[in-house]
Every structure is written in structure tokens, then in C-alpha cells.
Amino acid sequence: MDAILLQILNGLDKGGAYALIALGLTLVFGTLGVVNFAHGALFMLGAFCAVTVNQVIGLEQVTLDPNNLTPWGTPVEIREPYIVSWLGDTGHLILDYSVPVSILAAIPIMIVIGFIMERGLIQFFYKRPHAEQILVTFGLAIVLQEIIKTWFGANPLPQSPPTALRSAADIGVLVGFNPGEIVYPYWRLVYFVFSALVIGGVFAFLQLTTFGMVVRAGMADRETVGLLGIDIEKRFTLVFGLAAVVAGLAGVMYTPILPPDYHMGMDFLVLSFVVVVVGGMGSLPGAVAAGFLLGILQSFASMTEVKSILPGIDQIIIYLVAVVILLVRPRGLLGRKGVMEG
Amino acid sequence: MGILQVQNVNKSFGGLKALNNVNLDITEGTVHAVIGPNGAGKSTLLNVCVGRLVPDTGAVLFNGRPLTGRSPHEINQMGVARVFQTPEIFADLSLLENVVIPTLAVRDGSFTVNAWGRVDNQAEIRDRAEAILESVGLAEKRHHHSGNLSRGDKRRLELAMCLVQEPKLVLLDEPTAGMSRADTNATIDLLARMQEEHGVTKIIIEHDMHVVFSLADRVTVMAQGTPIVEGTPNEIKGDPRVQEAYLGGAHL
Amino acid sequence: MTTPLATARSDLILFGAFTLAVLTMPIWLVPLGAGYPDLMQKFAIYGLFAIGFNILFGLTGYLSFGHAAFLGVGSYTAVWSFKLLGMNPVPALLLAILLSGLFAWVIGFVSLRRTGIYFSILTLAFAQMCYNLAYSVLTPITNGETGLRVLNSDPRALDHLTGQGVVDGPLVSNIFGLEMNGLPGFYFCAVWLLIGMYVSIRIFRSPFGLMLRAIKTNQTRLNYTGISTRPYALTAFVISGMYAGLAGALLCVTDPLAGAERMQWTASGEVVLMTILGGAGTLLGPVIGAGLIKYSENIFSAFHEQTLHDIFGFLPDGVEGVVVSVAGLFVGEGWHLTLGLLFMVIVIFLPGGLTSGVRQLVQMARRSSGGSGRSGGDAGTAPQAAE
Amino acid sequence: MVDFLNPSRRGVLKGGAAIGAGLAAPTIFSSQAWAAEYLNKPTGDTVTFGFNVPQTGAYADEGADELRAYQLAVKHLNGEGDGGMLNTMKPLTLQGNGVLGKKVAFTTGDTQTKSDAARASAKRMIEKDGALMITGGSSSGVAIAVQSLCQEAGVIFMAGLTHSNDTTGKDKRRNGFRHFFNAYMSGAALAPVLKEAYGSDRKAYHLTADYTWGWTQEESIKNATEALGWETVEAVRTPLGAGDFSQYITPVLNSGADVLILNHYGKDMVNSLTQAVQFGLRDKQVNGKQFEIVVPLYSRLMAQGAGENVKGIFGSTNWHWSLQDEGSKAFVKSFGAEYGFPPSQAAHTCYVQTLLYADACERAGTFMPCGVVEALEGHEFDGMGNGPTLYRADDHQCFKKVLVVKGNENPTSQFDLLEVVQEVPAEAVTYDASIFGGELGDCNNGV
């Protein structure tokens, strides 16, 4: 029982991440009709926003200690973050909360990145075949990750959650389990709540604002909305910016769970496409539902009990689900009939 | 008994009744027009005939054999060709290739792997294809990219692609929709000439009365999913029910 | 607009020129630094892979993202054939073609029920399943991470029958004692490349090929023309799967080791990139794309600071330092960056791939030199997507 | 049979320099092989080594560090710089003027941590650049693949970082040599330390990367810990590159185990350790004991990736820059002076391998692979870190001290992440060469 509950928690948490990444992808596909292979790179860039913010606020003052030499004969460096020498304990606190603080920086940065990407490249590919969109965005993804690699190196760069959230919460006790049976890391709980909030925010935005209405109408029937004389171009740019922000935030908050490296975008790329397709191309609720579904299925497939019956099932479960869904229900879980139905 | 019989066909989309107990009998060798206001169910009827839609109840018989439940390529192989509202051609291929493909489909059936011989060595196929291009007046453009043709020429090409198969029945879905007056007239001329030369049974779905009265032998008027009147063009012209259907359509 | 016509004669000239270029690779590649057997073998093998992929993607427009699976199946089959039957490459190739064709039939049968991006995702999913399983639970068959190799203790039944069972050197695939590494290995692959190219030309010009191109342009029309499209697409899928299997087997003929990474989605992506880079739907494009990518993978990655200093040594010191550090971003560790930029540039400026770029250049040159493009032209079918 | 593998105009063709050099005659046809006793016999005044390291992919930083070490080794061999370990290596035949009077040149390549790419790159070095020796790599799959290639081609392979038992076990080759330690030695070195620290009554839970290296390590550690009296509760295989390991970690919580052993390397290890710590495993009390995590194979780069999560966690490593023997000090000094930070264990092993190869050539008086093999087999040396070392003739495995390390609780710098707990002597980790099977076969000169 406790094992199953824990796997459901795992699934929800994983699903939150999958849903966040897939959300922007399906948004861009649904409104802009663009298959964006650089979406994973946006996730990765978001994560590196957190790294950059951490490095900037953790900028260290280096003093050399001439009395103390390293084994290779240079003076030992004594490093102290400027922020600590200026602000004392407050500085420590800000450093400690650098990941959540990064969100503030990541939003404008990701908007700008999204705008530049859309205006500089994507807009020229709206009418081009999917294959060319895939190729050019794939090329872009490689370029972006190589730039990150040149700057930050290939090794993962660990980011810590705030000290207060570093350990695990004994949530089982709250619902009557023995202490220690159902524990779950605080940060993962935070991530889950965060992803729920962002997803809710995006939905509210699309549901309640005029802009959102136009976007939703555009997802339903792009040509008509264009005919209504609405400047769809400008809104496309905004949609792309929104998708970039969602992916970026997903990346920022994921850094304490997965120390970011330059390749993490590619690692999530295939997965996010599977989530989008399972949910239904261009369907936002579908992406969310598929994210959670795949997260939970993946968690259960990894259980030893399951693996002993079906060896290797945890290696392929995601793909297996995609195949089954596509064959049985080609428009995906919540895709509208007739949209991209093949 | 006619070449095509539509028997008690019903088709609904959700709550909307698109075809309501439709019966139709098309006589071989005639040009039969189906007209009616928007939403009268003309296109649905046509799609049921070519196998794109499956009717909820009822049957479509072609020469006494049922068409319902068959896929489009099977129906074509039985001798039913279709012309679309917007010309559906192979836009990336040359005009000649566009007509070679239907010619091959007649000779080789719906699936044959002939991966070794060169297309340009198949003399009899080529001759037929070039002859049909000649007859629609596109011969000199045969090596052009068909995607670059004018709308009228695309329509000619599409007709050529149908006719080269020597079908027994051609279904035309608003063949002059969106065309200029000149292109429309050229298309009417072409269809008329073809009727003289080939004499194939045709069903034409049309809005444009000019087209209907120039070409059709018989006319069926549909409204709200049901045929309401059938007769020669002259009979139809004066019928008050037709006027009402169109005016009523305007109300809707 | 009319394009130059492809006649039987022009195809023959094309094939002749291609044959000449392939067979003289050991000469003209030397000044490019690529004239060594292994890279030339890779050119031929990946060229073959891309030619096959192009028969599916270039002609029908179905974008498979899982072709590496067939490459892997071909490789494993070949090595198993070496292990069980013997080091002769012929049975290995035949079995590989057969088995990868069978695999392609199964995967294609399922995947072709969908089109567009759904088809791509289905093929991707199948290939990833193959890869993940080959790396882990299928290790008894694939030898997992280490890769499947031929061992002296393997049965190699035919070898023992013909008295070649006991080898004291390394086990290398051979035909009657001629070992399939080095230049003989290259020529062996080159012959297969030429056969593959010839078959591809025949398919391109055949009624079958015309149907495949029609699938790409307008499936609806094709259906209403009395053609059942799915069996055509499936046949194309199987043929291209067999090419991939053959390429995979050749990889093992020249180097008897089959690794699971060959099936990874990035490997599938690579052949897509090769084909589009060179020009999808053209005859030569995929081979050129394959060559270009393998060249940059092997040559750009081998540059290091010292070689850069050698190259730019003629510059004044200060300038040299700057040039070397800038150039260093794009070679060695940074060769992926070069590759990514290359894709972007090609797709943005030459959507038809390199071959179409060359064609445009030729046309521009013709136009400017006053030789106004002939219209009409001689007999033959027309705008062939080829050169 | 005529040899077609002979290099084409090495020196002129180095890198792309030849692109502008015009049409060079295809020497590939005018083979001079019949004159040579071995493949790629150097005819000019240089000898070429091939440094085959991961430049892209997850181990790119490790590869970059290996390359730094190689370049330093070449400098030292050619008599430039401060000489590094050439000053401490015993016995030493090298003169500091290159090898056998020839200057050392090198060519580099990218393994991409894929067997195919690694072999293609090694082949280029052999066929085009005329490399006599290939070295490098950051994973066992690649090492084994390249080792067997070198055996077939007839050059020497000096393995870089490879920890699987198979490299010098069932996949050993006469032309291949490994200085790095292996999974068995990790187990043998770790077990007594673990016993001392955590007692002999422990229940272990393994998470193992689902591929060959993971399996050999799991087996070795299992055997070693079970011999102590530990019980193995469960050994679960995880997909390579799983990213999020939470679904594998939660079952540990209530499994009754009180030690988690992570048979992961690289990114997998960074992720699984980070996440295991977040799940509060290290704060847990199970069976009345403190829950512990063990990472049998450590590297500094991985420790950097996992950050503060490594604090207090035991593992083993081949070498660490804080060692105080003369050899290590000399190496750290020249590496640090050159690059500004201390070398990693991968850098150390690569540097040492290069020197050992060069010295063996010098001692053998030839670059001929069989001569070099003979000179290296059973060679005993000292002054290269890790104390007196034997290159065992039976399996070409080095036997030397293995370091048991622990994540540093109070690091003084970003490099000071691991603290050496114990230097386990070579005798304690030596095993019978036959236990892992495999055949060395004959040496191959490539002609």
C-alpha cells in the first residue's frame, strides 16, 4: 500500500514536470503549427538561468593568501561572495533561496529569448513543411546547447534547494501511516504545487483574457482568425514567448532535482513529444493529462514486482503507451477530432 | 434501372441530419445536376457516393453493386471518378505525370510493384496520356510543373486525369467554384465537348445555374437533406418549390 | 517553369559519373584529408543508408524517425551470421537484408496506419524500444553496452566445414581470404553503394517510383485515382528498411562489432539530416549529405589547438591567437556547433538541400551567360526531382 | 597479403593543413608495407600517439581533462616544461628527448562515448594519422571496443578511464593495457572500510545502471560485502540516463535496507545520489542504525556534479590529487601550474599511461607492438602515484594502491571534495587473473 502511494506521488511529481514541458510545446504547435525541436533547449536554458543567477548573486570576492600555497605553487584563493560581505546574513539567505529567486530573472530572460527565437527564426517557418521546421529547430537546439557547453562546461552543475526544503516531509503521518513510511522531499512537493500553479495560470490566462480567447480561437481555426483582421502575427510572438517562459520555469525549478547540464534539453525532447502526441497535438488539457498519466505509468512500471513479470518494461513503457494510444486513439487522449488526425 | 442508385440513404453528424432518406436514380449516359442552397446536403451525398463517408442507413448501388463500405480506390477501380471543388492534382509533378498515374492505375490495378521499367519507356501509357492532354488543350505544357497552372488549367488537368481512366461515372463537385467568368465558360465548353466525345454519365453538384442549364440533362433540387424536385432544366426553372427552397435557404 | 529532363541516357551518364567518383575516392579524397579506408567505408555505407531512407522519405514524404532500428537489426544479424555460419560476408548480408526487411514490414505495417508527425512518433517509439531493450535486457542477444563481437570460440559452421575455422589472427570478414578491411573493404562497400544507387535510380524512374512521389504530393487524389496508397508506402518502407539493414551489415563486414547506440534516436535523426542536407527526393543528395556529415564528424572533431596553430601560422601573432581561439569554438570539442549551424544555414537558405542549391547556381550561371533556358525540350517525362 | 592500412603522408596531412597543400600523391597505393616489420613504423623524426577522448556527450569534461593530461605528457616527453613525473618515475629509461630519439606528435579524436564513433575515430588515427598507440576513453564499453580494434589493427591500446572487470577480464587483449583499477578492486578495497565504519550487520539495497559495467560492479560489490556478513536485500536495475530516479528510490524507503549502494557512474550517479539524499535517506534510522549511501566508484567531476550531497559518502577512486607521494606531487604541480587547477583521476591515469608506454618503447628499443607488450608485461615501477605498481603479465591489469575516499565534510576549495580515508595496499586488492576468464591471445604487429 505504502509502495503504491509512494509511486503515485512519484508519478504526480514526474507528471507535473512532463506536463509543464509539454504544455509550451503543444501550445506552439496548436497555434503556430510549428514542430519545435528546440523546445527542450528552452527547458535547458531555463535551468541555466538558475545557474547564472546563482553564479551572479554568488559572485565571489577573491583574495589571495600569500602565506598559503597550493600544491602547484600559487597562493591559495580565499573566496567570499560579495553579497555576504555586503549584506551579511541576509546575503546568506538570498544565496540560499537562489533557485526560487531565479524565477524573477528567468521570466524576462525567457520572454526575450522566446521573442528573439520567434522573430529571428521561427516566423519564417510557419508555412514551411514540418520536416524543415524539425531540421532548423533541431539545428538551433544543437547550437544553443553547444553555446551553453562552451560557457558552462559539460559537467552537471548542482543547485541546492533552500536549506529549509532540503529534507523530506513525513506526509504519511498526516493520513495515519506510521512515521517514516511515506516521506517525500519537500522540494518535490514544492515542484508539484508549482507546476499545478503554472498550469492553472496558463489556463486561466487563456480562458479569461481576450488575448487568450484569440489564441484559443487560433488553435481551433487559424485561417478564420486571420481573416477576422486580427493581427495574428504579433500574438504568435507572444504565444511563443509564453511557451518559452513555461518551459524555462519548468527548467528553473527542476534544477535541484536534476543538476542541470547542457544536454538535458535533448534528454527531455523525445519524451515531451511523446507526451504531446499522447495528449493530442495542440490540446492543452491533453498535454497535462498525458503528462500525469505517463508519469504515473512510468513509476509503476519501475516497481520490482512489475519488472519481474515484464523484464525491461520500465525501459520502454513511455514508448509503448505512445504506440498504443496512437493506434487506438490517433487524436490522442483529449485531442479534438479531425485535428492532425492521421 | 440506372447506373447509380441511391436508396434510402440517411446520414447524420451529431444532431444534424445531413441526408434525410435520399433516393436518387441516375440514368446511364446523362448529365445529372444536383443543386440546392448551402447546407442542403449535396456534398454529403457526393461523399457517400465515392466512399469517403459511410451512410448511417441505406445503400448506394453502382451498376447494381453496392458502393457503401468500399474505400475510395476500390470505387474508382469500379469505374467511378471524382472531380473536386478545388482541383486535386499532383502539384509537384508534371502535367504528363499527372495523367500517367491514372492511366497506370487502370492498367495495373490498385497495387502493383513495377519498380524496374522506366515510366518513359511505356509507350502505350504515354500515348494515351499525351492524347488526353491534347484533347483538353494542355499538350504543349505537358512538361510543366502542374502546381504552377492557372485554376482553369488545373481543372482541365483534373478532368483529363478522370477521363483518361474512361470511367463509367464522373462526379463533379462544383467544377467552376471560385473561377473567373472566362475560366467558367471555358470549363463549360470543355465539359460539353467531352460529353459529345466521350458521353460519360456525370453527376454535377453546382451552385451556378448558368453551368447547370448549359450542361445538365436532368436536375435534382435538394433542400435540408432531401431531394424535393427532379426534372429537366426547363421543368425546374419554373417550379415554385425551387424558388421557395432557395429563398427559404436565404432565411436560414 | 521547365526543368531539365531525365532520360535513360542522362541517368546512365549520371550513374557513370557517380561510379567514377566513387571508385576514385581513394585518390581525390586524399587532399581533403579523408582518403583513408575507414572514412571511405563510412561514406559508402552511410551513403547507402541515406539512399534507402530517401526512397521512403524523399519519394513518399513519410518521415521515419526510427530507421536506425533497421541499421541495428542488420548489424546484429550480420554478426550473428558471422558467429554461427562463418566470416563470409555474403550470407551475412543476405540474412541482414531479409531480417531487417521483415522487421520493417512489421513496424511499417503498424506505423503506416498513421501519417504525418504521428507516423514519425510511432517509428521513433519503436526504434527507442529496440534501443533500450538492446542495451539492457536483450544483452544475451546483443551483448549490450560492449557490443556484439565474433569470438574464436563461436561455431562458425561454414568456416569449419571449409577448413578455415582456425584463425590465429583477428577474425575479419573475408571472401576467399580477401579480408574486408582497408581498401578491399571499401571497394566491397562501394560495389554495394553502386548497386544501391542503381536500384534507386530504377525505382525513381519506374511507375512504382511515380506512385510513391504521387503519395507525397496528394494522397487524396491518388486514392480517388484507384490506387491503394498504403501497400505502396509499406513497400517503400520495407525497401528502405532493407537498405538500412544492408548498411548495418556492411558496418559489421568492415568491422565485426555491433553496438546498441546504432539504434538510438539520434542515429535515426542523423540519417534524416543527411538526406535533407543533401536534398531529399534527389538521387545524389542523400549520398552527398551522408558524406558531408561523416566528414565533419571525423575531420572537424580531430582538430585541436595545435593543428589550428599550424593552419593559421602564417598570420601575425596577435591575429593568429584571436583567429585560433575563435576557430577553436567550431572544431574539436565544438564540432557539434559547426554541425548545428550548418543545418540551420542549409535549411534557411537552401530548403531543397545542397543539390538544389547547386542546381540554382547552375541555372543562374546559365541565365547570366545568355543561354536562355530552353522551353519544351526533348522527349521524356518531366520535372524529375533529380539532377 | 598486401597491407593497405599504411598511413598516408602523415605530418603533411595532420589535421586540415593539407587541404591547401594541393594534390598529394595517394601513397595508399604505393604501399611500402613489405619493408616494415610493423604497422605505422615511424619513418620521419616524429612518432604519433592517438588521444581518443569524449569531446561531446556527458563525459566531455572528463575527456577535456584527459586531453590536458595527454598534452602535458607529450610536453614532458619532448623535454619541455618541468618534466612532471619523469622526475620521479622509477625505473626510468626515457631521456627527455622524445621517444627513441623521435619527437612525440599526437592526434586527437572524439569518442562521443559511443563504441561506433570511438572505433571510427581510432581507425582514423591508425589509418590516416599513422598512430602507433591509441589511448583514452571514459567508459568501459568504449574501452573494450577500442581495445579489440587495436588488437585487430596491430597497435597498442593504453586504456583511459575504464572500471569494468571485463576490460582486463573476459575481454582482455594482448595489445591492450589498463592502469585504472576495476570493480573487483573497488569491492575489495571498500569492504573492510565499510565494515569498520558501518559494522558487519547491514542490509544493502543496490541500484544498478542496467548495462554491462553496472552489472559487473554490482556483482563485485555484492560479493565483497556479502563476504563481510552483509545481506543484499534487493538489486534493482535502472535504465541508463533515467534522469529522475525517484521511482527507484522510494521502494528503498520501506525495504528494510539500511545501506543504499549506487552502482551508477557519471550523470546517473550525480542524479541518483542527489535525489536519494533529497528523499531523506541519510537522515533515516533503519533497524536502529543510521541509513548510509555508498558510491563504489567516485570521480572528482562527479562529486562536483553532485555538490554537497557527497559529503560523508564512501567510495573508491583510482587516484586523488591530494596524495603526498613524490610522483603525485610532481604531477599535481606541473598540471596545476599549466592549467590552474588540480588534475582528475582520469587525467592522472591518462598521463601515466602515456609515460608508461613511452618508457616501454624506450626500454624495448622499438615501437614494435610485440616488443612494447613484452616490455610492459610484468613491468614493475614506482613514483607514479599509488606506490609500487605491477603491470601483471597475465591480464595486463595494474596492481597498485586503491584509494577509499569519502566526500569531504568541510571542503576548502571547489577541488577539495574528496578526502582520502585509506590507501588500500595492492596486495589487498590483488586477485587471481583467471577468475574473470578471457584470453589475451597473441600480440599483433599489424603486418
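List of remarks:
Letters A, B, C and D mark the chains in the order given here, with residues in each chain numbered from 1 onward.
Rule of thumb we're sticking to: a contact is a pair of C-beta atoms (placed from the backbone, for glycine too) under 8 Å apart; a residue touches a chain by one contact, two chains touch by 3 or more.
Predicted, not measured: the structure shown is a model, and the values here were computed from it.
Of all chains in the assembly, those touching chain B and also chain D are C. Chain centres here are C-alpha means, and the one lying farthest from chain C is B.
If each chain is reduced to the average of its C-alpha atoms, the one that sits nearest the average of all protein C-alpha atoms is C. Per-chain Cα centroids separate chain A from chain D by 35 Å. Computed from the mean C-alpha positions, the centre of chain B lies at a distance of 44 Å from the centre of chain C.
Separation between the centroids of chain C and chain D, computed from CA atoms only, is 34 Å. Of all residues in chain B, none touches two or more other chains. For chain C, residues that reach two or more other chains under the stated contact definition are 132, 135-137, 333, 336. Among the residues of chain A, those in touch with two or more other chains are 149, 315. A list of each chain pair in contact follows: A-C, A-D, B-C, C-D. Across the interface of their complex, chain D is touched by residues 2-3, 6-7, 9-11, 13-14, 17, 70-74, 76-77, 149, 153-161, 166-168, 180-181, 183-185, 187-188, 256-259, 261, 263-264, 267-268, 298-299, 302-304, 307, 314-315 of chain A. Partner chain B is touched in their complex by these residues of chain C: 1-3, 5, 7-8, 202-203, 205-211, 213-214, 216-218, 220-229, 231-232, 235, 376-377, 379-383, 385. Against chain A, in their complex, chain C makes its touches with residues 57, 63, 110, 113-119, 121-122, 124-126, 128-129, 132-133, 135-138, 265-266, 269, 272-273, 276, 280, 329, 333-334, 336-337, 339-344, 347-348, 351. Those residues of chain B that touch chain C in the complex are listed here as 50, 71-73, 76-77, 81-82, 88-97, 100-102, 104-106, 108-122, 140, 142-145, 148, 161, 165. By the touch criterion given at the top, residues 35, 121, 124, 128, 130-132, 134-136, 138-143, 145-147, 149-150, 266, 270, 273-274, 277, 281, 311-312, 315-316, 319-320, 322-323, 326-327, 330, 340, 342 of chain A touch chain C in their complex.
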